[in-house]
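Letters A, B, C, D and E mark the chains in the order given here, with residues in each chain numbered from 1 onward.
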């Protein structure tokens, strides 16, 4: 199974080894292995229920039962509560966005505490997402879906976390907004953020990622560098059942 | 002399003022209840018992340790709040993943236990607790004699209520709390210690009840049943205000105190039901309560 | 209990299996009936009658909670309200027992209709609070209304001739009258749960929005079950008033609403027989621990806490789990 | 003869202090003082808590009579509970000695040949406080009445006495029961300008009302407060600071004479507190009951009740008196004023004796009660 | 267009939430027998429109008619009785009822009142046969006795269709039936929708443009609560306003 983890030139920022995870009694992750280098964008692809979201949750420490190893810069994170993992510099933008309806847009944006130096300033965030600036005082969940997604991404950029876990940031969004988010991811990569992206929409994934992990039944079954995507497209279609 | 429905306006002012004073207690108790409900989604049936504990602990501090009212004002919310924290850690925290009704049932059981224990220990005749010397006496306002202590109760309650409102609605800490209510997992994933936050919130709500108990001790009979009947009225206040709405609880608390005050003058027999009648009307017209958000 | 002839219908293995459960239930009902028929000859009949009345009350309450998904914290209003009406009718108007019970039951139905039509507009905790508030209004009314005797209640309620013919003043004779009412009531509740109406209720409890989208007028069903529950709670209260020859404020006080919740919870709210067991236990406890004074409340509170924390399925629920059969 | 006495009262609620375990002690003292063992009468005491609930009281009473062969039930505070026991006692033909309950209906419209109402009743309290205060010049009254049957009865009884004694009733305000805050009602009472504010309520309501009257300076401003149903335990709970000046009627006070002091000391040694009039009544009632059993040589309810009426009543605690045909037991009643903290010499030194109401006039005249046993 | 052609029609439909216009003066005509799609950017008011049409929300202004009958002020449950049934975005089954019972709940509605609490539920056995047929239709025969809550997502979806179809609705409203589905499921459900559309009308909200292109006869594009464009896929997808507001320049 270790063969699924590719050799990287430098020591990986995030290394996941034999990660297993459960929901109550049901065993969902069966040994995930990932390596992500500083400044990379990798995606996790896979069918519904393959365990992509669960992988991100397990890394973030919000899956109640998990085992294996997750290291960030060599520091073991498994066993820590999620608040300590957050403080180590990882941030999750969840599938359902989790915008708080009892908080204003501004409060939502300012909610996550700074965990490290080096986060973006509020000004920089507004530059990236001008829509947010106009709607600062309105209720968080009154924003449109796309704006909520921007808010969800924006608020974790402030914290200084440099490893971002983005779970289907394009789901349910209008195509026009999907393009906007693609541009944002490219910009973040430029600024030195490391990103793990879960996607259904693999056209989109291809346009932003360096590398793709394919997950099936809770295991990584293949790794495809973006550069070699063309050659592997048939294989990928088979994996995804397209 | 100008009379309104047979009542001199001066007397009416007096009665309104008294209503406001009672409203202070409603406001403070329903505030604590609303804080706990709003942030933990638990209907805290133990609230009345905790109010009673507040008064009793004040009495104990005085009787066993000779600590005065002013000490009680500071210490009691902390002590009773701490007992609330223990309850939250040991029991309530196990119920968050269940239907909220279980929280209601658990706290109902706890209220029975606490009240029963105090009854066994101290009987029900009540304990004497005097107004602190600094606040004895009163001021003649022309239309009524206002005991200094009652004036103090209103001031203290207004300060506490609006302080709490500010804390929850306007500060960063409050934002954490509100966010944690909606989605504790996510807030934890931002690096915040949510269980501690929730525990402290419960402690805080209980502390508010205890503080109301201390304020009540010098003017109401300090006995194990003092909270049992009040709690139902306070529930009604919270329902009218809109459950979970902090401002709703405060304003409705004071407002209903006033309404009840009027009822005591014009229709004293009905003054106990007037709150429930208002509740029925409000629910007919605005099912979510006066200040509640519709789900 | 055999499968009705459904000519040619493809009956799946799995759909046939639950048919055995009714047989089990009928067996339990029969056993209960035999027990209660024999019991007055070796147990104190007044105690047994109290158990029966509360068993019906708890079952009626649980019809709403366990099968309608609605926690009422104001069921004392129906129980107590009906007990006042039937006591008054028997004492002041000389109603025969069956008419007095009927009148109390009817009054509870009307009260249930009034309170229910307001309360069902809200759900969950809100519903509980609203029913509590209305029950509180009924309490204050009972305290002040001239015919209820305030604190004293209506005392020395006579047990008139049954149907104007039979003398049932003696406890043991009266017992069989009470047994008939309460047992009949519980059987009716059982039938309601397993009726087409019960099936719709179950669907509503499971997914209200979906039921609406299928065209069910959800609020009417909720109101109907509320009224039925209130009505049968009223039957229990009206009967109890004749048993103890007394209607008092205790029966309308909110602690009575709490007590019936405790009975259902302790026995198991998703069971048929749980409330009966819960009622029997609580009544026995109150009777035999009466000497412990305030410790009775402490004990009740402790049972509440333990039931919520450790066995939410209740006694019968736990047994049912062992047997892998719904009880 | 084997006798079983059931002491049924409030062990945990509002009347636990004034009856409760103390009544059991008082009953036991009566048995010892009577010397039952020496006289071949074997007496056993049962006790239970009725939680001030008529339904509980009736359940226990039935069970005692049906299953436990109890011959006499004693005490039973709370009128509703007492009425329940009263009815069942009549039905089962046993004996009921009421000490704790107040309702004068027990010997009026509801009277029964099986019940002896021993210590006090609403009429006696109203009469004692009402007439004595009017005689002292407190002739205009305003009532604070608990809004339920009991409060109304107390108010009606007292108004009648006040008016009969030449005073006048200026008004009344009915407060919800139970109440918490009475200040609004007190202000209405104050505004009426009446000389006396009569508290036609009981228990926690009375205590709260008195506490708040003191807070609003009502007594300092010259109005008097009259408690129509208040016991020494309530005064103890309030503290003299708040209770001072209150006028009330009782059937017993520990510090009346040497005999009461001696008895009370014995009681206090077991109970840890001075006895109330309810305790005294239980003692006196049980003692007299045992004398009657001895006299009749039987525990048959009819014979014993007859003997109780026939024998003169005399004991060190409540003095002399008689048991009337309607079930009313008569004795002297006393009017007291609560001392100020300065006047009191220590714990339980609470009352200043104002007047004694002789047994003949202390209770409702036989013919006024509407009891059908009186012909 | 004649009335018989239009099964559902909304005129000037408007919904205002506390000062915010979610749906503004929308006119909509759904042709009988067609598959009509509603698309639009997030927050355009699509779900709100659905809620208005099925009376889960009350419009602030405007009128709605179904089969020529004004239903503007009717209750949600009555709408379903008229033959206009909606599905929900998240699995809307009765989790603690078996698959067969789920379908039976829909069939049972034909009995009328169903308030007969004194009757045994065995009277419902009359529906078993038909329910079984419905279950078979969506390929769930093997699961008929299973609790619905224990089914996988795709099968829950299928069950929901079976339940909905049991009511034999004339008009079916589907809210994002493909949301969160993987490619293979999308194809299966598309086929199912196509099959059931044979003799009824379907109105659906969907973000997946290829599904929309594949299935729909007509498309209404909503933006900011208003109708932006209307027509077949060809027309709509080439409309520059739609491209700007919804599709984006980089698409396909």
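Convention: contacts are C-beta pairs under 8 Å (C-beta built on N, C-alpha and C of every residue); 3 or more make two chains touch, one makes a residue touch a chain.
If you want to know which protein each chain is, UniProt gives these names: A, E = ABC transporter ATP-binding protein; B, C = Branched-chain amino acid ABC transporter permease.
The structure displayed is predicted, hence computed values, not measured ones.
Any chain bridging subunit A and subunit B, meaning touching each of them, is missing here; the list is empty.
Both subunit B and subunit E are touched by A, C. Interface comparison, A-E versus C-E: the higher count of C-beta contacts falls to C-E. Most remote chain with respect to subunit C, judged by CA-atom centres, is A.
Centre-to-centre separation between subunit C and subunit D, using Cα means, comes to 39 Å. In this assembly, the C-alpha centroid of subunit B lies 34 Å from the C-alpha centroid of subunit C. Taking the mean of the C-alpha atoms as each chain's centre, subunit B and subunit D sit 37 Å apart.
Counting partner chains per residue, subunit B has residues 116, 119-120, 269, 272-273 touching two or more of them. In subunit E, no residue touches two or more other chains.
In subunit C, 140, 144, 293-297 are the positions where the chain touches two or more neighbouring chains simultaneously.
By the definition given earlier, chain contacts exist for A-B, A-E, B-C, B-D, C-D, C-E. Against subunit E, in their complex, subunit C makes its touches with residues 4, 6, 8-15, 17, 188, 191-192, 194-200, 202-203, 206-207, 209-218, 220-221, 224, 228.
Put simply, subunit A touches subunit E in their complex at residues 47-49, 142-147, 171-179, 200, 240-242. Contact residues of subunit C toward subunit B in the complex are 71, 73, 118, 121-122, 124-126, 128-130, 132-134, 136-137, 140-141, 144, 254, 258, 261, 265, 293-298, 300-305, 307-309, 312. Residue ranges of subunit E in contact with subunit C, taken from their complex: 54, 56, 75-81, 85-88, 92-98, 100-101, 104-106, 108-109, 111, 114-126, 128-129, 132, 144-146, 163, 167. Across the complex, subunit C meets subunit D through its residues 44, 46-47, 50, 140, 143-144, 149-153, 155-156, 171, 244-246, 248-251, 286-287, 290-297.
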